[in-house]
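In the two complexes below, chain A is the common chain; its partner is chain B in one and chain C in the other.
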Partner chain A sequence: MQSNAALEYDYSLAKKFTFLTILFGILGMLVGTLIAAQMAFPELNYLLGEYGTFSRLRPIHTNTVIFGFTVSGIFATWFYLGQRVLKVSIAESKFLMVIGNIQFWLYFVGALAATISLLFGVSSSKEYAQYEWPFDIVVVIVWVLWGVGMMGLIGIRREKALYISVWYYLACFLGIAMLYLFNNMAIPTYFATEGLGSILNSVSMYSGTNDALVQWWYGHNAVAFGFTVPIVGMIYYFLPKESGQAIYSYKLSLLSFWGLMFVYLWAGSHHLLWSTVPDWMQTMGSAFSIVLILPSWGSAINMLLTMKGEWNQLTDNPLIKFMVLASTFYMLSTIEGPIQAIRSVNAIAHFTDWIPGHVHDGTLGWVTFMIMAAIFHMAPRMFKREIYSRKLMEAQFWLQTTAVVLYFTSMWIAGITQGMMWRAVDEYGNLMYSFIDTVTVLHPYYAIRALSGVMYFIGFLMFAWNIYKTMTAGKELTQEPQFRTPMA
Partner chain B sequence: MDMDLRNLQGYAHIFMSGFLVIMLYWYIIHLYRSEKKGERDYEKYGNIALDDEVTSTPVEDKRASEREYKEENK
Partner chain C sequence: MFFHWLEKNPFFFAAAISIVISFAGLIEIVPNFAKAGKPLVDLKPRTVLELAGKHVYMKDNCQSCHSQMIRPFKSETDRYGDYSLSGEYAYDRPFLWGSKRTGPDLHRVGNYRTTDWHENHMMDPPAIVPGSIMPAYKHQFTNIADIETAYAEAVTVKNAFHTPYGPEFQRTRAAWDAHRPKVLADAKLIADDMRNKDVKEAVANGEVPEIVALIAYMNSLK
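== the complex of A and B ==
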């Protein structure tokens, strides 16, 4: 490895994963919009026979947006900012380039095959962990390859200190590795039934309450290490870089990091409040969920304070708008989650539509906004062209912001209505409503959610179009922009 | 009192939580104290994101510090 004047960052892997982010984003959000519409208009379940039913499509939506869209976004941003903050080009090591490319192709083919398998009903039926064991093995290999690539890049770095974003990506790698392995421990039913079962279909190695506990330890921490940790890593790089302002307090970023690591892993049992899980574990889940506000808000406030004295950029630069809105939604969902984890609130919220409402102000407002902002920032650097249209970006921002607001407000109302109706009793203690009564009342809110899905999806297509036009028709740049992303 | 496994787990958990809380607070003190003593300047690491060209001078040069380490331990 000789230093030479023509040394440049290699964005080929970041570009490839950016394409996948957009591809899986379109697929996952299209299916999400369709199933939201199915909730409001059940006839839509019968468009494609068994392949078009809610039960087949719902795991495709969740797994595609998590393991397709978000994970591609994590990989794309890692292969971009990892090089930059470590001040080393991945092309300086042939080995790392080969590993990265194997990771890409294995991931691409594996993720597509896994999605198709869900369409055909091959599923282990554990939420967010539906992929059957052969696909789990592919996921593990992809993850190990990413880890090797990451450690390799860190090994050949020029910058001695690991920037805070790198810590977050490392935590994402380690956290998901641990969670995914433990929760997906399963045995093909063929071996569990002396040859009567199937090789492809498997059962969990845990049973009953233990299975539920492991599942929600996984489920909640998939949110932690997939939807929170790497996204915080992204905003810690992209917001300072885009605004030209260093992080408000680097010490606070370190403290929030360790706080998040310490607290998050214990909070999963709040998914099992009022269940057969030991009482102390439920209390622990609630308590840790409330403590979780501190490190989450520590990061979010740090981000907002980074803009101190530079708030004019919020009106001048739509990309800053995307990121400030993302951190605001991060604050909203990290206060909403702990509220839902309080036992008495959970008694109303559990199993209602308030829960998907909460999930979506996090995923649509925080995760997707941040990933799109990251891609908008990276595109002119990767393709050496200006962003095609600022106006389109502004329109997309307002359309999608309205969509997120419609989504979570309709689900708040629907969820609380539902929770109250389920509990309502008359003077003799009989339930006042049957299930279908709640469905009738909730119909308008389901329709609003479907509409918000359509709006958000259109916004995502506008984003995809803007990136496509940037690549093909954006004004060419002679020099890489230092901070603010140039746009026409 | 009946000390079955579940009880032990509960006590172990309380002990661990207390221990980790102390560690976390110790960490805050450590961050501020080492900056006050002039041993570390944490805020300079924020510049890693801003000045991030491949040709930029690292905030802390890993290769240079490795060379120094080798020289010192010859």
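== the complex of A and C ==
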């Protein structure tokens, strides 16, 4: 990778989306911590009257961390690294700048409005697709604007070959577009009648078992194309850039990319094992989930091997630590998922806390760690200042790592305990426990999980503070650092 | 090499991704679509009051903690009743299977819980089930359910998907005005089994509190 000092890149959009990443991160994680605490201490449900119950707040947590925090992070890193790997400044095209700014404002206002709508219970109720139809339309427009901007930048590029990261961002755009459109197909009832009832209500185009299939084809792959694909795209850029090492293997990148593209979407039906979905679909979901280990571990191993012979950087540079840990959690998460997709395991794991446990070792350990690492890498280059405090970064790393470990271990125990208790029978074959027994037994694990949430949230505030101080009080840099990010 | 060529041609690259990612949906979802949408022979669509209750269920997002999917295991059929069948969900738009059981499954809750049980439970869950971590939903006793929207939804699914609602379900406001007393009569049947004075009074005045619609929906889950 050669540096290209001759070209001045325009980071105004990357900066704006970085602010949103931090803002939505704080909001989404705050709500997440609150609802985790509610499960241990139910009195916390009554802080905001009707609007403060676990059930009302849970979609706000999920949607804000997905469509607020993660998507902002994807946009921020795209507007940073897109220019650099394509060797073109976005400011070279007025059109692309205008499109990018419209995308930003529409996204910001739309995301806030959609969050408020969920607070009022306006929800189409499909998981991670709760926004009602007017907000869906805003999401689609924002997404198309991003796509136009991306294609435009690719159109005026100087570097002819698309770098690996661009493959992943392109796939993220195409995948989410397809999934989101099909899953949210609905008819607004107000317009299908003579203006009867609420203008916001709509009814799904699919019913029952079909609706479930479409939903989990979406739900699973929103994870694929939102939480995996673009994050892999990030690490393919930021790890080599930060460490000064070339990617270990091009062939492995190729195999992992096309493997991931083909295999991931089949696995959606593993969310519906033992349901009324036909057996052969369930089996396909299970089988492809196991196959999915290959491309997932392919990327992760490619990243770890990139550090070959350079492991001393792990002790010198906390940023490398963030990224290596992210890869490691990615490996943990992508072996855990396939295990849960095995029918007999799923019979115990499904509907229990093991599932949120699995989700969070991926999202907290992999997605959020990688996005924070990316912002730590970008900040000195965007603001032309050193990272404010290395010590704070180290402290944050250990606090959050401990938090993730507490989170998933407590949820493993909680999930397996509950799954086993639901099915336990006495010597005469009668159920041993009433349902409430399986709830009260979980209290200590819920309390540990709430504690881990508080720790992770404090870590995120430390991150936000560090970035804020970097912007305002970091030592100014005269020259852009080539590899290792400078920090005080 | 093919991939090197592809990496220099973004259009074909994007086309290749699109083709590779669409296989799964086409093969897993499309062929079975008509069959999976079939209702049980005697399945009846929900009444307008029950639909309004389903909207309350979705508004307060009950499915974040309760499933409606009884899996074919003895431990589940012992606890909740017969395992669920695909045809039972044929009129459910959206499906509400849920993905987490913080509380018990509700697919057949109408078989073993009654109106007064729900009334007391929604007011103060731990008083009915000691140790419960479910919050109270007192606001459902004062908030008014949107039965007009429920009617609009019934008409929409009748016209768009041939859900078997009767000939009186029409797109017009006049048809809704004619149907409204039927909904209120259904609501009165529920309110008669309740103790709460304010709820009874509201129903007598032609309004349906959310709790009444929700209980009608819960009782229909069998």
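In this section, the second predicted complex is superposed on the first by the 473 of 488 C-alpha atoms of A that agree within 3 Å, B and C clash if a C-alpha of one lies under 4 Å from a C-alpha of the other, contacts with A are read in each partner's own complex, and residues count from 1 in each chain.
Just so it is clear, a contact is a pair of C-beta atoms (placed from the backbone, for glycine too) under 8 Å apart; a residue touches a chain by one contact, two chains touch by 3 or more.
This structure is a prediction, so every number in the text was calculated from the model and none was measured.
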item	value
Three-chain arrangement built on chain A, chain B and chain C clash or fit	fit
Touching partner for A:V85 - first (chain B), second (chain C), both, neither	first
Partner chain(s) touched by A:E8 [first = chain B, second = chain C, both, neither]	first
First, second, both or neither for A:A473, with chain B first and chain C second	neither
Dominant toucher of chain A (residue count), chain B or chain C	C
A:V98 touches, of chain B and chain C: first, second, both or neither?	neither
Which of chain B and chain C A:P278 touches, first, second, both or neither	both
A:I116 touches, of chain B and chain C: first, second, both or neither?	neither
First, second, both or neither for A:R158, with chain B first and chain C second	first
First, second, both or neither for A:A246, with chain B first and chain C second	first
Partner chain(s) touched by A:L255 [first = chain B, second = chain C, both, neither]	first
Angular separation of chain B and chain C about chain A, which is computed from CA centres of the superposed model and rounded to the nearest 10 °	110
Where chain B and chain C come nearest after superposition, their Cα distance in Å	5
Shared chain A surface residues [contacts with chain B and with chain C]	160-161, 254, 258, 262, 278, 284
In the complex, chain A residues that touch chain B	5, 7-9, 83-85, 87-89, 157-161, 163-165, 236-237, 240-241, 244, 246-247, 249-251, 254-255, 258-259, 262, 278, 280, 284, 483
Chain C residues touching chain A - in the complex, by the definition given at the top	3-4, 7-8, 10, 13-14, 17-18, 20-25, 28-29, 32-33, 36-37, 55, 58-65, 67, 69, 71-76, 78-79, 84-86, 88-104, 126, 129-137, 139, 143, 146, 148-153, 155-157, 159-161, 171-173, 176
For the chain B and chain A complex, residues of the former touching the latter	6, 10, 13, 20, 24, 27-28, 31-32, 35, 42-50, 52-56, 58-63, 65
Residues of chain A defined as touching chain C within the complex	38-39, 42, 45-46, 49-50, 53-56, 58-59, 121-127, 151, 154-155, 160-162, 167, 170-171, 174-175, 178, 182, 187, 189-190, 192-198, 201, 203-215, 217, 254, 258, 261-262, 264-266, 268-269, 271, 274-278, 281, 284-285, 288, 347, 350-353, 355-356, 422-425, 429-431, 435-436, 439-440
